[in-house]
Amino acid sequence: MQRLTREQIAARVAKDIPSGAYVNLGIGLPTLVANALSPEREVILHTENGLLGMGPAPTKGEEDWDLINAGKQAVTTLPGAAFFHHADSFGMMRGGHLDICVLGAFQVSQNGDLANWHTGAADAIPAVGGAMDLAIGAKQTWIMMEHVTKEGQHKLVDVCTYPLTGKSCVSRIYTDLAVIDVTPQGFSLVELIPGLDLTAIAALTGATLYDGRKSGECN
Amino acid sequence: MQRLTREQIAARVAKDIPSGAYVNLGIGLPTLVANALSPEREVILHTENGLLGMGPAPTKGEEDWDLINAGKQAVTTLPGAAFFHHADSFGMMRGGHLDICVLGAFQVSQNGDLANWHTGAADAIPAVGGAMDLAIGAKQTWIMMEHVTKEGQHKLVDVCTYPLTGKSCVSRIYTDLAVIDVTPQGFSLVELIPGLDLTAIAALTGATLYDGRKSGECN
Amino acid sequence: MIDKICHSIAEAIKDVKDGATILVGGFGTAGMPFHLIDALIDQGAKDLTIVSNNAGNGDTGLAALLKAKRVRKIICSFPRQTDSWVFDGLYRAGEIELEVVPQGNLAERMRAAGAGIGAFFCPTGYGTMLAGNRETREIGGRNYVLEYPIHGDVALIKAHKADRWGNLVYRKTARNFGPVMAAAAKTTIVEVDTVVELGGLDPESVVTPGIYVQRVVEAIQSLAKAA
Amino acid sequence: MIDKICHSIAEAIKDVKDGATILVGGFGTAGMPFHLIDALIDQGAKDLTIVSNNAGNGDTGLAALLKAKRVRKIICSFPRQTDSWVFDGLYRAGEIELEVVPQGNLAERMRAAGAGIGAFFCPTGYGTMLAGNRETREIGGRNYVLEYPIHGDVALIKAHKADRWGNLVYRKTARNFGPVMAAAAKTTIVEVDTVVELGGLDPESVVTPGIYVQRVVEAIQSLAKAA
């Protein structure tokens, strides 16, 4: 078994994004998806700070710091881009106009609850940004993350123990080991990396995992 | 006694509009106020259908029917004009950004209730347009009307009998006979045309009229 | 490649269903999508609910749709005009249902639909017959009425220019309800004077981003009509 | 003649009162009104409530205002950043109050203030700790939280160009909160790169009409800083 690299997870997510889709890529890991989308497919990227039609990073030295993404990195515009203000940008999200947003996560529960903004630690400074708006706003919210934490703890869980970002908002999860749908029955396996068996993936998943490929339970 | 003409009422209203004010002139009689405002004063006119900085009517033959006012008449723009959509235009009103709106009226009550959209007749087709938004939105709502109806009925009344446009929204009334403020005590006379005495104006007013010029009752 | 430009107006409008709620742009005739309405009449959908500022002028556009008896109900702010004889006749004959909404509430209710707001407390119309029996609340010493979003199945609007991604700019006061309706409808169909190359619109000046637009047709500009 | 252009930045900002609520534009450093904030530090108003997306970056702008101990409370969506050490220190020392608001709610609550909406039902944050004890309601099968407007006494924003009526255009993503804050504050003060002649802005492209703007100052464009 060979875990997917971050770039490979990004490529796997990108494969499922239809041509012409309106997509918001969250900060961190999901940002990598942009590099895996070929320009010919014309996926239109939204950034919460007021731009549709976001292009790749400028060449070094060409940065315009009035033209940045949600992660405050310099970006560019593509032909067909449009700028708008913050209320319009978040109305666009909340109103269900984005086809897909891809977010990172600390935990996702089997009913699609998402925790990705706060570890719950007493001394943490809370900072939510646009995560809650994105989580509940897009037509589909996809999660891109490692299957378990570095310490081996479950991130796909029965019930989230961290403070929630949104309730029942996740539809699909892409990890370094698998692609999993959130269904009315709970987690449902869509795809597994070669060399990993059902017992192993089920053990790495903190809630019942159904095998969506043949409509049975994995464990 | 010589009643004011429509143009004279308009000129009287115009006199009270400060230089640089943002003003919406309702359809009908208030439209005449525009002609009484000298351009040097730079009063900025708003029209509900999405324009600030509305200019005078174009010369005949020069009309652009994409550039109209609330009464669907062709207008022009002044340098410094701005176009915006309907939600923004009415947000501008409702949010209290207009300094003054000048409206016509069927009835105004002594507590500032306004009736100007519906006669209450059973067979009338109701049509409100932007009247309710304007009435309650501007910082000050001024009324411009004949003091009594053609049939001699009161239009300044104790309680409105026609369906209301807005409650407690009128601050000042300009008629062909007088200028009257709506105060916490009720109607208060600000100015009277020459040749009309207090007893006469009080008789033409359907509620107690105080003489705001010397803090006493007129009748 | 994204291409929202339809080369036939009939094609653009073919899937409008009976019983649909249709948001129709325009304030009087400015911004009225005459070609799309004509195509809708040809298409034949009936039992429609129309949301528009007025209830038609003269015998063309929305008035023609009403005359063709395709409209069950109209939600608007100002139906009664000097040239609204088609609507007036249907209304007096009891052949059309009317819901009068203050103009700003009409705009804000569609804005709420587009922006995912569930309901909002609005001061306009408080204490008037148009507030009906709706919930009211005093907030910070001012009285408000609870207003709900108006969603459209379809929006038919007029813009000045578009590109193939559906980005739009409008012309003068013909902008009016266009941007609000585009965001409030599931399927937004736009007639424009001109289609430009992608990149031909300044990103700073795009009024309706293409995300709100599903189909665009280039219509020969109809002779705009005075009210 | 209307002339909103102030020839001194100190003059533009002189009447900010202790205890005021100040809306400060910018997303990171893009659209941050650095000159106005420096002038506010010199002016000396204290006990301020600041509403802004972030809680300052590095040691300049909003961070410098915080460092000068003028801010009692900050309402923002994303205080914690790699370069928010000034805020972090004050917060951990218990010297500043923090209210975290989801970014879209921050924008929409200011938008509501500007548009005269009394409160609105918003789906964002439902079921999370940021919804606190606020009223909730199910509408059409979806759950919403009741959110109230955020009004400002003053807005300090950055735009690209202005005319003497106060009409504004912005530059790229530096637009961000500017238009929303301009409408939500009693007194909106704008620093711009360039003042143009009246008529020098295209009426179709004005983003913030001058009705929302009280004062404009032309500030030499500060060297924009990377996050």
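Side notes on the structure shown:
A, B, C and D label the chains in the order they appear, each numbered from 1.
In this section, a contact is a pair of C-beta atoms (placed from the backbone, for glycine too) under 8 Å apart; a residue touches a chain by one contact, two chains touch by 3 or more.
Every value quoted in this text rests on a predicted model; they were computed, and no experiment measured them.
Looking at subunit B and subunit C, the chains in contact with each of them are D.
Subunit A and subunit C have Cα centroids separated by 35 Å. In whole angstrom, the spacing between the mean C-alpha positions of subunit A and subunit B is 55. Subunit C and subunit D have Cα centroids lying 33 Å from one another. In subunit B, 51, 77, 83-84, 87, 90-91, 93-94, 137 are the positions where the chain touches two or more neighbouring chains simultaneously. Shown for subunit D are the residues that touch two or more other chains, namely 108, 111, 115-117, 122-123, 170-172, 204, 207.
If the chains shown are joined wherever they touch, the resulting network has some other arrangement, not a path, ring, star or complete graph.
According to the touch criterion at the top of this document, the contacting chain pairs are A-C, A-D, B-C, B-D, C-D.
Subunit C contributes residues 108, 112, 115-123, 137, 139-140, 142, 144, 148, 169-172, 202-205, 207 to its touches with subunit D in the complex.
Within the complex formed with subunit D, the residues of subunit B that make contact are 19-20, 22, 40, 42, 44, 46, 51-53, 77, 79-84, 87, 90-98, 137.
Subunit D meets subunit A in the complex at residues 27-31, 53, 77-81, 88, 91-92, 98, 100-108, 110-111, 122-130, 143, 170-180, 207, 224-227.
The part of subunit C that touches subunit A in the complex is made up of residues 1-2, 111, 113-117, 163-165, 167, 183, 197-199, 201, 203-204, 206, 209-212. Chain contact summary for the complex, subunit B toward subunit C: residues 47-51, 63-68, 72-74, 77, 83-87, 89-91, 93-94, 118, 123, 125-133, 136-137, 163-167.
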